[in-house]
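Two complexes come next, and they have one chain in common, chain A, joined by chain B in the first and chain C in the second.
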Partner chain A sequence: MLIPRLFFILTLAALVASPTLAAPPLDEIIRKANNVSYYGGDDGRAEVAMTITDNQGRTRERLFTILRKDIQKDGGNQLYFVYFKRPSDVRKTTFLVHKFIDRDDDRWMYLPSLDLVKRIAASDKRTSFMGSNFFYEDVSGRNLDADHHEMIDENDTYYVIRNTPKDPASVEFASYTVWIDKKNSLPMKAEYKDKTATIYRTMEVLGVETIQGYTTVTKSLISDLGTGGNTIAEFTNIKYNLSLSADLFSERYLRTPPKEARQ
Partner chain B sequence: MKKVLFILSLLISVSPAQADMLQLKDSLFDNFGLDLAGFIEGRGGVRTQNDDYSDDVSLAEARLQLDLAKDFGWGVFKAKGDLLADGVVDQVTGRMRELHLLFSPLDNMDMKIGRQILTWGTGDLLFINDFFAKDWQAFFIGRDDEYLKAPSNAIKGSVFFELINIDLVYIPVFEGSTHISGERLSYWNGALGRTAGEDYIFDLEERHSTSRDSEYAVRLARNISSMELALYGYNGFWQTPEGMIVPDLKLRYPRLQAYGASLRNPLLGGIGNIETGYYHSSQSDSGRDPLTRNSEYRLLLGFEREIASNFTAGCQYYLEWMMDYDKYEKTLAPGSPAKDEYRSVVTLRLTKLLMNQNLTLSLFTYYSPTDKDCYIRPKVQYKLTDQWRLEGGGNIFIGSDAHTFFGQFEDNTNVYAGVRWSF
Partner chain C sequence: MKLGSRLVQIPILRPKLVTALLVIFTLALGALISKVHVDTDPENMLSEHEDVRLFHTATKKEFALHDVLVLGVVNETHPDGVFNPETLGHVFDLTEYASTLADPNNPEYKVVAQNIIAPSNVDAIIQAGLGQVSFDWLMAAAPTTQEEALRIRDLAMDNPLFKGTLVSEDGKAIGIYLPITSKKFAHTLSQQLNDKIATLSSNGDKFFITGLPVAEDTFGKEMFIQMAVSAPLAMLAIFLLMLYFFKQLRLIISPMIVAMVAVISTMGLLIGTGHTLHIMSSMIPIFLMPIAVVDSIHIMSEFFDEYQKTGDRRKTIEHVISQLFTPMLYTSLTSAAGFASLAMTPIPPVQAFGIFVAIGIMIAWITTIIFIPAYIMMMPESSLQNFGVKGASDSMASRGAMACSLRTLGRFVHNWPKLIISTTMLLTLVAFYGISQIQVNDNPVKWFTKNHEIRVADQVLNKHFRGTYEAFLILESNLEKLSPAQAETELATMFKNQAVDENSKAVVAKALAILTRTAQESTTDSMLSLLEANMIDSQNKSNDLFYDIWADLVAQVDTFRNRDQIFKRPDVLRYIENLQAHLLEIGVVGKTSSISDVVKKVHKELFESNPEHYIIPDSVGAVAQCLISFQNSHKPDDLYHLVTPDYQKANIWVQLQNGDNKVMETVVKEVKKYMIGYPPPVQLNYKWAGLTYLNVVWQDKMVSGMRDAFLSSFIIVFIMMVLLFRSPTWGLLAMIPLTMTIAWIYGIIGFIGKDYDMPVAVLSSLTLGLAVDFAIHFLERARATQAKTGSWTKTITAMFEEPARAISRNVIVIAIGFTPLLLAPLVPYKTVGVFLASIMAISGLATMLILPALITILQGWLFRKKHS
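Take a look at the complex of A and B:
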């Protein structure tokens, strides 16, 4: 029995060592996809235009600037600052998130007409972001440790990975499947299934550009198949490595938004 | 009333010219760097019962708000004002809500000089260390929540250090909150021993002196991890007229010094907060002056969390503890209803968002077990489009006595509706 086992181990080692023969380990694929999606550079800035369309074709618009700073290495804690420009009723409202990997995020919102800094309970990250079909998690990422991951298919273009939640009660999906592009490591498509295995929500990347050397999504679409609504997000004026100070992500700038957000 | 209808119809006839308004916005921005926004609104409300001292119509108004800002690079100038056609008092008035300059003289310092809205503290529609002007009348008749906060002519300086942030507010001339005077809303008149309204509006002692009638407020704040800690100090006046000058029966804003602290932190999947304050009512003569409100200690405990998707619940416990209660009891005019030594209030806020967060159902309830009265604020808001918003709600006062804080407003119970076009 010794020889076959040794043979097996040697074969396995050869597979792992040879990139042409085998895929990188699953964790690495997932980690890389997460990093490319949410951790480009040490910090970043983008203008986001969301168009929300309901099942009757009526549209609403959200226009905001988003600033991000990583305070730990890829995959770690981050700071987010959002400055709303449109529609008029949320104009100049600011939103601050301190994202933590190992505990609930801290969230604050500033309402300029009341000069009020409101702290927001952040227990549920799978609620709509500003009435759009994007969830908070779609904007700032989902904790990789929250799901079990399993490679269900692989072809020339994609790794197809199914993710099932470790705590099913905390989320609305039973599982979701992600198509990760082998070339750029971006999740290009995702399908969310409910308990009856029906696909009720999809994400599709519609535009990708390389900006300052970082692979960047410039357009994406989330569709809610249940309600028939969808949201397209378009990202413009994207910049990385602006040397944003961590101080920008504080109550001071929540009340008096920095130039980096207003421009 | 006719004026309001005229102005409202004028505004509505103008408002479909949305494209023109957006063009004006763009041209102001392109040519002058001026950032313009605002809204046009019509709002009406009625009492749901007769009030012997006020009209049946509690709210009938058309409002235009313009909000202009210019960024000079070294600072931002802001001007925001309202033009209001008020059918209840039959007046057209203009009022600036903000007119200030914001700049940073040092890297770690911000200055905001001019007319501004000021808020701090952790309470939800309960205020312990926030002594900035409020407009309770606007709140009770069903104007937008924005109008609960009244503007102050102030200088606010903020300095930011590694260990602590310091905010200092100087208000040269005290203005006070818009209290319930009898105009528009009936109230308990202690001097008459009955409910009064338009028939009895007290004169107010004037506070106009820049040297004597200034207010100073300070906040020291620090965050430790997710915990927000703050200390507060205030030297000024009770924000509502809590005293009386006897021979001429004028209401007075007695002097007040206050000290407080607050803490806000994540708790059990939600947000918990605690805030406390001591109010030193220096003109009450340690409780011996029966016509001036005594010193008191205030405490607030709050908790809010999302209990289901798009459904948030918040509750608060609030306590006012009157100091020198024995002296208050001794000096109280015979026959006057006595306040309790402890007044407690519990609040409940429920907010449900529906239809992609375009429909908001909310309920805010104040209930005082000690006063045996309550104030319920149901509200429905629907965003028809990004520009058009419909709103309806009520201000329901229930009390077993005519002299308690919320109970005195029982006959002012009203419902209202409004429509707003934002640009």
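Take a look at the complex of A and C:
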């Protein structure tokens, strides 16, 4: 279970049929991919450098630390804490997620210069995360139950799974297709299609390492084909099983972020 | 004239060969017309390399701005205006539909779907209760109830970026702003939209399409129709009038052929040499036709009067050509010079127009000289038998009426020369007052007549909204670069301010040491990079006690490094806020939008939508955090229409309800005044972009360019007159009618309040060319006659016979011949039609009144001087 993986994870749901003779059942593939992507270890920490590039090649940086703690078994509820370091004028901005499997996540953001804690509405799952091409939902994972899943292809390397939303009005995509690596169970690629079946958004994993025995994504890319912009996220200083206290993920730490996040 | 007499032998001896060659020449050049490439973009009034245009293009790219078509939906019948489920359903459907549209012939021309401004494609910042702010699509789906519709209204009205732009303040209109990749798609897109609109249910909704790109592109399409209708109609009218005057169908076909040859070969040359068919060059046929026909009419008129004397066509032609060769050469050269002078303007389409009209005039001249005689020689002698004699008797009534009036006019001039001259002087004084009243102004939307759908849409939408005309005021940081030593001083102060206790003092001391060391770097950039890297090293090595202190200091270095991100500074944003407020006060600006508006709106929403928080917060950090909050939306990049990602350039989007150039000029002047009167808190450069502004720039260039071109061609024509008459006095005399004509024409323009726009500006060249023609013919004939008769009294009587009739026929043929232009739905063509007629009438009269009156007064001196 890895923290950074959250960044590209994509859904996968439980109930689905059509298992082939050789392959494991679809729901197992999906669940495993979700676990490898978002649930490495009992907790974790990483430094994230995001480079946002627009269609003119202009770049912006976001540098932050992300902490994660699982409070249930793999695939269950989780806590996330994000601490911004750069740009320096948004430094000390913090972001907290209480992720629930059976209901909408709770999310807060603290803006230090305004000394203001704001809750982020549940409906804003698929809006930009701090101006990047990542969505909030890419950070903490999309609920597996939100989509229907079907295996549309399988080859030596990948399971290719198409996901269609159960509530199309709540999302901007009509479907998205994920390529799950058979060896490491990671979703290595995803393509989002709009109503006209045009691919308008893609996710690609650009780097994978094994850290403390956990398969970990170290670099990923999300591209918006509509605007021509993209965001690369690179993960460094990745550590698992730090025995983070659940207490650190409470609202009061938004204003006084824990050392684990600051350093 | 020897040359003329020799030249005319060729068509007389080999008429068929001459005709064949002419046909081949015309067809060869005419074939090139098929390669036509139409360009109706007024931007091309400026060279592609013009600074302002390069800046405009760069700005569009930098701020991701596109040319925009505005689709306005208006409902005046529903009590809540457009905010009802059915109308919003239409808006939703139209937006969905529009987002997929592209030009079927060129898929590169399309709607830029992600940048559409429409209720379903913008985020509303919503108070979601319990300290929550949410970014939701303003209209994710068409509402089903009136309550939902009203909620959309209230959310939109509360957003300063939408109010007056996306939704009208009276709630009766919604604007869908469709950005397009190329202006050339505008007309096709508006047709595609109209097709869709026709399928919508009718519930009192009205739909209007406007925006400069539509106006410009539609103008191009209609220009073609216009050329295909008006030019042939003008030709037909000229033809019928000549038929009336000369009664000889076969004979008068020849001037029409001359005009066709001139127009076809000139347009072929223009297109064949790679020029585009621009608004200006589309007028070449209309300008060329009268000039091409004029020479032929002189020959016809003379032939008409002379043929009956000899009954020998060859002798008659030789006589006519020897009489007219010099004046025709000079009239053509002067007209050509008048137009060629336009090559000196800095406006490429006007240059092409001038040069090719000049070429066309010379083609018309040589065609007249060699083809008209050939044509007459090829006619069966029998068909000429009754020409002149029969014609004269047939048209006795009309000819008699004209002849009688002209004779009366001649006597009047001879008897009252001083009255004529003093009246002329008085009228000229009045004209100069009129000229001083001239308003230089243009507006591409006003190229359409008042009831044209584009004019109507423009009027309706600018009544409801804060303006469909856009200009962009681009502000740019002009901070001076600091040397490493200066940076060291400033950073040292910043560091020392952090030293508040034992621990921080220890860290600051170490940081200052690193600072001193890195300040030895040669550039400030490398110094700051090294400084930051070294400090991060120390931070990573430090214990928990010192870690955060180091982190704070490193952040300060980063802040310092980004000190040129001035558009996050509260003082700069407040300056922009005040500038915007000032722009609204001057009365012609409908609305402005800037990054300051975004910051204020977000700040207010972060504080529970409390109106007291509709302000710029006090620190860079607070501004930056408002902006990053804004970027947590569906469309974070929307911010970069108003500021660049490096925060060194900002765009104030100015909307005007009136696209007149003089309105834009007022705004430009006010901004300049404000920036000088109230200097910004940091050094700022500013520049304008946007189509409305570009129009002002090329207009300025046009006005000064036309003035220079006119003055230089005036001097050239004067020198040619002096050479022609071998006398400065006579040369000066020839300049008088055209000077008066131009003064009066522009005086009238000033008095009636007609704006001095592109077609009006070009008319000065036409006036110069046509008015001097009459003077040349008149003076040349007057001197020849005077030499024969030796008596001015006899000469003036003779002058008011055939020469005066030729001038009058010319005036009438061309003036009436161009009245079909008045039927045009495009104003520039109407303008040309009206003024062409006026120029002909005034210059004809001026020639026939002023010249003989002056000669009468000065006869002793003029003729004695010549003889001595």
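We adopt the following convention: the second predicted complex is superposed on the first by the 242 of 263 C-alpha atoms of A that agree within 3 Å, B and C clash if a C-alpha of one lies under 4 Å from a C-alpha of the other, contacts with A are read in each partner's own complex, and residues count from 1 in each chain.
As a convention for this text, contacts are C-beta pairs under 8 Å (C-beta built on N, C-alpha and C of every residue); 3 or more make two chains touch, one makes a residue touch a chain.
Since the structure is predicted, the reported quantities are computational estimates derived from the model, not experimental observations.
Superposition of the two structures on chain A shows chain C clashing with chain B. By the touch criterion stated above, A:G229 is placed in contact with chain B and with chain C alike.
Of the two partner chains placed by superposition, A:E154 touches none, neither chain B nor chain C. Using the contact criterion defined above for the overlaid structures, shared-chain residue A:E47 touches neither chain B nor chain C, since it reaches no partner. Contacts of A:S113 after superposition on the shared chain: both chain B and chain C are touched. Once the two complexes are laid over each other on the shared chain, residue contacts for A:E204 go to neither chain B nor chain C. Within the superposed three-chain model, A:R252 lies in touch with chain B and out of touch with chain C [touch as defined at top]. By the document's definition of touching, both partners, chain B and chain C, reach A:T127. Residue contacts after overlaying the shared chain place A:E137 against neither chain B nor chain C.
In the superposition on chain A, A:P87 contacts both chain B and chain C. In the overlay built on chain A, none of the stretches 129-137, 309-317, 327-335 or 399-407 of chain B clash with chain C except 309-317. In the superposition on the C-alpha atoms of chain A, the part of chain A touched by chain B in one complex and by chain C in the other spans residues 54, 58, 60, 86-89, 91, 113-114, 116-117, 119-121, 123-124, 126-128, 130-132, 172, 227, 229, 262.
Residue ranges of chain A in contact with chain B, taken from their complex: 52, 54, 58, 60-61, 86-89, 91, 98, 104, 106, 113-117, 119-124, 126-128, 130-132, 172, 227, 229, 247, 250-252, 256, 262. By the touch rule above, chain C contacts chain A in their complex via residues 61-62, 64, 100, 113-114, 123, 126, 128, 130-136, 140-141, 544, 547-548, 551, 555-556, 558-559, 562, 568, 603, 606-607, 617, 619-626, 628-629, 631-637, 639-640, 644-646.
Residues 37-39, 71, 102, 110, 116-120, 145-146, 148-149, 158, 160, 165, 221, 223, 226, 228, 264, 266, 269-271, 273, 304-306, 309-310, 312, 353, 356-358, 383, 385-387, 389, 422-423 of chain B are the ones touching chain A in the complex. Across the complex, chain A meets chain C through its residues 54-56, 58-60, 85-91, 93, 109, 111-114, 116-121, 123-124, 126-132, 136, 169, 172, 196, 226-227, 229, 259, 262-263.
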